[in-house]
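First, the structure itself, so that you have it in front of you.
Letters A, B and C mark the chains in the order given here, with residues in each chain numbered from 1 onward.
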């Protein structure tokens, strides 16, 4: 693709000679036919050494290179450039004869069904959706158009996906929630008869698990992005445009508002409400509901600024403990000395 | 089903007019043909507003609604009602021609074998057991009757399941334990030649991993319930009726007694003994053995009551550090003043 | 196998009568035809009670048993003995007609391809490599010789494996990294167009996920061993001979040097450098780069010795808080008393 054509497609001005661009790369690794980008000013020095054929950058850096596309958001425009060069994965088309599609399922003619896919009774798979090998679509699932379901994903019965949903390999949606009733003779399973409902343009990372509701629905709002190995319990509600980083666990019935960001390895207890726009720092343990816009971190989660100060103290605790013991002795000594002096004075 | 019939099946008395019940739902979402339940008294107010056709509740709440089943354990009886209305998942019967069953395997005639199931040499699959798509049963595995093995579960060679075991999608039992021997030229694999043995009525959540023993057996006792994304190392022994919540990790050779409850994201070090009835709070790190009946929390795990008090201090640590520094100065000043006064007195 | 033959194969001297050895077991469980081992001196007492036919042990324990192989590294030599008796898993040979191999893929004649394996266009599978059921090999993947890829593993397009790589069930390599660009209308996906490159003799545990690079490569160095349910973000670089224990998460672009050991459930933030030989204690949170040879633990990670002392204080924090409050009062009282005495003295 010509650089001029790329600029036009991205709606950006360009400077320097026109040239053929064949790929995308970092400033460090780009060659003369690659386009690269400068988003973080601390890497501006690399503009001198890069071999990139062209760079997407902010206007103020334009003087430091010859061939550039000028952007107000270089990272976003580079992401769009990458999209233009990216080739979707897959090397199969049509509906494989080695798949198993229940006669009462409806799969769009232009959906791609790899070998070893199972589609149960009553399931519907939308136009342009791809089911890679080993995908299981349980009965009565509904998959919207243009979804990409990577290999070995399991969608248990009744799972519903909007349009443009991406599920990475090994994702499980609609597994039973973890619910048991105590009986005299031991625990009995509370049958999990709800389902999982996923909005539009949601992306869910590899081997992440989302349990079906006990009753009703576990929901993931449109635009939310969930990383690998995340656990969402039954009846969890994730609002729109949330970000859940890998290995997060959210216990049952907790509700996240819109635009919540939860960093890696955080645990959130059940039956809480995490308000719109809350942010939770990595490895935190959240045991209470949070009003909208709260930033917390730590175990237990506290105000983020307090957490930073508290963290700074952790390594000094042994010294502090020694100081407190010393102060105790000194105060005792002072009390004794003062008493003795008082007697002397009498 | 008639309400009277439901009452009779559950062994409960009912009040109010008989009627047709067609489903189950929460008080909030139930319609006039649903049965619901009241277990937590704090929701008693909803008895006024619910549209439920009937409610399972404790006798003392009976006056607050017209149509009710009276129960001493409403949650348990509702779970049993849900069971009556629940339809098991699946839309396949028989042994699929698209499965691969080794000629030396034995699969019960009334077992269900979905397409794309693999059953290795010497494996035995019991009566009434269902193997969903993508399940791999390694050689010499033994699966008891009435097990449900959901899609894409992997049972490595020699794994043994009792009766009524439920394995959710993506579970891996019998993967190699993490064992290496240090040699001059680098690490060598310690071949993991043990197996995994699972008792009766065990349920294991999606994408949970249980490693085979290095030698001998990794064991999960009957009635234990394990949530999603849990990791059990080689030679771990889980007693009967334990509860392990999601993302827990138990390192190799640790033994849990009966009725141990371990909350989400806890880590337990290897070669420990966690006594019968111990409870471990969420996100804890357990680095020492625990006598029976101990409740611990925290990193490192401590007595749970102490943990709660310690947690309450965490957010005040910065202030405490400042106070200690101030006290140090004040004590120095007091010492100086006292010394000076002593001199004055002399 | 005769004990004499075993001794010869392992290059060890033996004492006692020659005999037939048919298996391997722990001292506790071994029978008269098993060989066992003594590596940890604290179990030396079991030499009296064991029924083992022979024991691999250090020379100094030779007098305590009749039949022994004398070793300078009993654990390593026992591992090698186990290897001699271990039977590789699997009960299939050849290339299954129930697999799907793209006509443009190249699979070595002596590779084993189970039923329900998918191999995409341009993929190459090396000699002696086994692909178990449900394995997906994306287009242009390159798998070296003698790899073992257990069931339901997913290798997305372009993944490259060296020789002798072992991937346990449910592993996902090459899933998209978690990268999004903020746009006015919401987040846009940053297409992940890099790949995953794995060196020789790497072993990766069940359900572990390794994301492909955004651009370039996510790399795992030769000899590294990774446990179950680990998460490696895009562009992570793991050096040679590292050990990552289960449920560890390493965020994007972080680099680990050689011989790094990271214990279970640790989280490491993105864009860090963890130097050669660093060791990180279980459940730690690492938020800064570490120079080579550093041992850290804790949240936030601190020097390991400091962590141990800090941990010891955690349970005493409530008492310490009370002490500090008491000291504050006592210091106030002392100040008042001193002032009063000063006045008295005046």
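We take it that a contact is a pair of C-beta atoms (placed from the backbone, for glycine too) under 8 Å apart; a residue touches a chain by one contact, two chains touch by 3 or more.
Just so it is clear, the model here is predicted, and its values are computed rather than measured.
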* **Chain hops separating chain C from chain A, counting only touching neighbours** => 1
* Residue-number overlap at the chain B/chain C interface, same or different (half cut) -> different
* Asked: Between chain B and chain C, what's the gap in Å when you average each chain's C-alpha atoms?
  -> 24
* Asked: Which residue numbers or ranges of chain B touch two or more of the other chains?
  -> 98, 116, 134, 152, 170, 207, 229, 247, 265, 299, 314, 317, 320, 324, 327, 331, 334, 338, 341, 345
* To do: In the complex, go through chain A and note every residue touching chain C.
  => 24-26, 29, 73, 75-76, 78-80, 82-83, 85-86, 89-92, 96, 98, 114-116, 132-134, 150-152, 166, 168-170, 203, 205-207, 223, 225, 227-229, 241, 243, 245-247, 264-265, 282-283, 299, 311, 314-315, 317-318, 320-321, 324, 327-328, 331, 334-335, 338, 341-342, 345
* Given the complex with chain B, which residues does chain A contribute to the contact? -> 98, 100, 102, 104, 116, 118, 120-122, 134, 136, 138-139, 152, 154, 156-157, 170, 172, 175-176, 178-183, 186-191, 193, 207, 209, 211, 215-216, 229, 231, 233, 247, 249, 251, 265, 267, 269, 285, 287, 298-300, 302-303, 306-307, 309-310, 312-314, 316-317, 320, 323-324, 327, 330-331, 334, 337-338, 341, 344-345
